[in-house]
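The two complexes that follow have chain A in common; it is paired with chain B in the first and with chain C in the second.
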Partner chain A sequence: MTLKKLAVTFVLGSMALVTVGATSVLAQSHVNSPDPALGTPNVATEESHIGALTGHAASGKGLYRRYCIGCHGQDGNGEGMNAAWIDPKPRDFTEATFKCRSTPTGTLPTDEDLYNAVTRGFVTTNMPSWTALTPQQRADLVAFVKTWSPRWTNGKSGTPLNIPPETAITIESILHGRELFQKLECWKCHGPAGHGDGPSAITLTDDKGNPIRPYDFSSGSRFMCGVTNRDLYRIFMTGLDGSPMPSFADVVQPNDAWDLVHFLRTLQPFKTQETNLWMAYKASHGSTLKPIGPDAAPGAQ
Partner chain B sequence: MRSRYFMALAVAVLLSSGMLMFATPPAGSGSISGKVTYTGTPPKMKPIDMSKEPSCAKQHATPVLTENVATGSGSALQWVVVYISGGDQGSSTPSQAVRYDQKGCQYLPHVLPMQVAQQLQIYNDDQTSHNIHPLSKVNPEWNKSQPPGSPPIDTKYDKPEFVPVKCNIHPWMHGYFVVLNTSHYAVSGEDGSFDIKGLPPGKYTLAAWQEQYPAQSQEVTITGSETKTVNFVFKVLPY
Partner chain C sequence: MFNRFPNGEGRIQKSWTRPIVTCALLVLAIVVCDCQIGSASPTNKVMAIPAFARKYGLPCSACHTAWPELNNFGTVFRDNGYQLGNDRDSPIWQNPSYFPITFRITPNWHRETAGNQQVDSIPGGGTGSGTVSRNVTQTGFDLSGMDLWSAGTLFKNISFQLLPSSDSTAVWHFESAWVRIDNIKGSSWLNFKFGRFELDNLVSEKRFLFLSGNGGLYQIYHFNVPGSSNDFGYGDNQIGVELMGHNANSYTRYSIALLSSNEGGVGLTNSVTPGGNPASRSFDGNLAFSQAFNAGSLGLERIGAFAYIGQRPTFFQTSQNGGTQLVGLGNEPFYRVGFAGDFFIKNLELLPLFMHGHDNAYLGNGLASNSGPLPSTSRAPSFNGGFLEAHYYVSPQLVLLGRFEKINVGQQADTGNPGNFGNVTAYSVGYRWYPIMFSRAGLAWHNEYSISKSIGIVPESGDGTGLPPLLPTQGVWSSSIFIGFDFDF
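Then we have the complex of A and B:
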């Protein structure tokens, strides 16, 4: 009798447990159910401002749960359920360190930078483009993402880098850019021909210690932070925080930066004004070009 | 006449400056000194292959060793930061900057202590580009390229933190910025010794930080201007 009673209690008990479990799973998958555990107290007040749009974290919360939580996690630390199978890893919002910024290294990005990242997605990673969401929804998500780190409440975004108008694309500009590619030792990671195979490439890790590859210009893939010459300028001048890519803003003058942009374009397998000029020059002057790489490095014998 | 007048003036100035010195005595005259040692077998520090950077390799007659567990004779443990973590925090941020060098593809010093908000100047003395990448978590993380001949990077940290520093171009380069709330600190030397001076009487928590092993602390009471001897022993493993 007692045994039977126990057995019944056990069965009933496990049924109850299963029900509770199922309910909580259902609750999690429900789009806008209130969940005080998600996000920080700032959810009520945090805003984003993108042009005329104002995003509200409170509205972004439900969207985050629906679209972002799987990878970025319920604590915003990039440890969602899918994260273990993803490389590169989802962004950890609690650190407030972002790759694609218009602002100097070590500073917070602008709301617009985050909005552009959500809109564009990150090519060659698992982060898709979120143009399926309305601009308002994306703005709301940006506001919500900012609740994960106290840096957003205590500090403000950096001042965006001033990018002067692009200089003329000439062979002189390309050749000078090539000199800079050697002198600034871009080739140490990106390789002498921009294949992402420089001597240090194999050793690179991100700030969490995960292996990371330098961009391979010959792949023809888009850049992670945009596609235009201005985007390219911004990428190396501000650096990709959290990755090995440093900022060159303190050491490269604007005109030189444009020269470097023009040279970098020649490393890509596209028909551009830069590649056309470069191919013609190589055909006539190829033999006079000093190779890029360790042989031309200072101190080499 | 005139020279005598100047003499008198000079004497007066000397006297008053002397009185000023008396009027503001040093914060304290107690001190803590001691030695940091290890027990167990320390890991072998490996020679660094700098052949990929000839301009650095030729600066070293013998290969440089890694420094994460730097030992000396008598079981001495080097590069341990000993600092006051509880009690009088000493003087506020000094106006003098601390200097960090990238030389021969090494960080000099390997461990650089500083105070919160103290100016930090980072130099590249090499003929090669470095990127200096302090992996801070509490403070904002940044990463800057510093080609040869660039001016020093001027920066500071606003919060206390132990910040690992690396150069992504030369992956063997490792160092630490140790940002402290206190002005009472010292780094153990090659012989493991350290010396913290200028402590006012009081109760202190003395902490010892080493980059690879768990931190330690001890309670120390300073009375008057005594010198207390405090030693730390780190248990090390060969791997």
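Then we have the complex of A and C:
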């Protein structure tokens, strides 16, 4: 046998062996396909529809394996290898319970809701913004995420909440929002000053029993589900399913909801129209304001 | 870097059946026993930072098409100053025991062969020995250099990188060292970097997937026409400042760099290790721009262009009657311009690059510009070249590689040179398999074969050694086989 033949044999043999090894290891690290026996949507046919985009679960499967599996796990249950070190915990797709929705509490989100979540990321968690992926890739991922739960086969997405036009930002609106903040007991979790340090804060857990912190308005970070006043309106009218944050859609009228939005903006460390109005009011009427909290009488200002 | 023939021409291997068989058995034993050991290999040329994976909990594949090559998500992360843009960016969020550092070295077996080498007809030389042309081959187990890399954020929007790197004999230098002010005035279009860094190449040689002696570099990134005293390599890190910007998803990127004219050297010399020539007092400039396009289900397509304009000294201010060089003088200009692409057709990635290079006649002929008029045979040399590289991603854990390179000297520095003097053709194929690609470490099994043909010159290889042929019209075929474990922890 010539040297050249030996070398070629060696290299090819090595490659063949590695290929065999790779096959076995790759088999171990594959994304597990959702179990049809559970009634989960078919990976081969499941789609998502975001505007003109159509996402395909079959394409999303490879993307999920590349980008998502480390946290969300090969079974989509939020138990990826990094989950133990992540706080808050990654989403469990098998439950199909999502915080950021445009749909009523208890219902499935729209494809666009999921797409927006992937695009935006969650600033206070380990979930980054995936704008670096193409829109098509994000749509494909949404389609694949839907294959983890039979809820997507058995039910439809809820009807998106109708958000009326924003009311005028006035001091009256802010003061009324402050009343609601007291009345609805928002302060119990978010704290009287919105620092996320209310008396109930330490006891809160998500639906998996993991400790969860209320949003700290003074942190200045983005809201979990968006940055605009409409996003804030949507958050407390739909609630954050899977967390202690309930939906107030049944107890708050639309105009009242906008008042609450305007007040919540004053808790943030930004120069906004709401903040300017509020600071001016406090300078002239601060002594007449009753504190927020357990000692405040109902209807306190 | 592999020292191809560290002791001159090396020895001629008449028979290496036994070493090959031994090597094969050992490698097979390693593979069969357990590929999932938690350690393994790579070289000092390429970069990947599992320290970031550990920080953010993402797998290697989130930022790398196949590490160390970045995908667009990784590019955005890097462009943002190693920040994801969430609350986890600042070091204050990290456990105090967290340290953003990674180690990399490549245990490997490799075989290097070069043809038409000038060797003694009788090994050892002596009476009766002449110079003849023969093939020279070396083979054996080896180590690459080592990287000890730290990078991350010093604070929100202040990032850094420090990369002490050694060759395989542990001679260290600073491959990279810089601080970057990110997102100045809240704009991703303004980022300022200061230090020694890689040029903003669309196709990075520091993050590519080839490791062998022949294939572990882009020929065009280090090419200078035969006889030139220019030491510039577009793939080499340079030292200076850079203003860089990008849009939110890094589809649009630009870079403007002002650099010392000393090939990234330190100590005001042209070398990162002791012994370099003194630098001149001039500066070079590099401009780079790229734009990506969303091609729907095909993927992301990117095109870019670059231009490097520089100068190098042609003589030196000396003392002691020429015994000591003090500072480079007689700067003469050169430039490199080109364009590149990064195209995806689903799982197939194509990386084409074209470059045109031009040197001043004094520089191209290695003549001092104060030595009088140019000889009538001297001209300003130029060359054209590039490559087409292909990656096929079977999965995030298996990638097949191939590359073709070609360089033609368009105008020889000396009219007496043969027309094809210095031309280069090269081919590389291989694959990388990543049995471990976690958020804590990465391991790749790397196989590669690379071969190049250089006309009349020393073949460009990882260590730059080897010998020119007897005649300037002769081609030197140089090949590498590389098998190794590439690990990053």
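One rule holds for everything that comes next: the second predicted complex is superposed on the first by the 255 of 301 C-alpha atoms of A that agree within 3 Å, B and C clash if a C-alpha of one lies under 4 Å from a C-alpha of the other, contacts with A are read in each partner's own complex, and residues count from 1 in each chain.
Assume contacts are C-beta pairs under 8 Å (C-beta built on N, C-alpha and C of every residue); 3 or more make two chains touch, one makes a residue touch a chain.
Remember, it's a predicted structure, so these values are computed and weren't measured experimentally.
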In the superposition, chain B vs chain C on chain A residues touched: C
First, second, both or neither for A:Phe181, with chain B first and chain C second: neither
Touched partner set for A:Trp278, first chain B, second chain C, both or neither: neither
Which of chain B and chain C A:Pro246 touches, first, second, both or neither: first
Which of chain B and chain C A:Arg66 touches, first, second, both or neither: second
Touched partner set for A:Ile86, first chain B, second chain C, both or neither: second
First, second, both or neither for A:Trp148, with chain B first and chain C second: neither
Contacts of A:Phe263 with chain B and chain C, given as first, second, both or neither: neither
Interfacial residue positions of chain A with respect to chain B in the complex: 95-97, 104-108, 151, 183-185, 188-189, 199-200, 203-204, 207, 239, 241-248, 250-251, 294, 297-301
Touch list for chain B against partner chain A, complex: 52-56, 58, 127-129, 131-133, 135, 137, 140-148, 150, 153, 168-171
Residue ranges of chain C touching chain A (in the complex, touch as defined): 15-17, 20-21, 23-24, 27-28, 31-32, 35-36, 56-59, 61-62, 71-73, 75-77, 84-88, 111, 248-250, 294-297, 299-300, 395-398, 431, 433, 435, 438-439, 445, 447, 449, 481, 483
Residues on chain A engaged by chain C in the complex (per definition of touch): 1, 3, 6-7, 10-11, 13-15, 17-18, 21-22, 25-26, 29, 59, 62, 65-67, 69-71, 81-82, 85-86, 121-136, 221
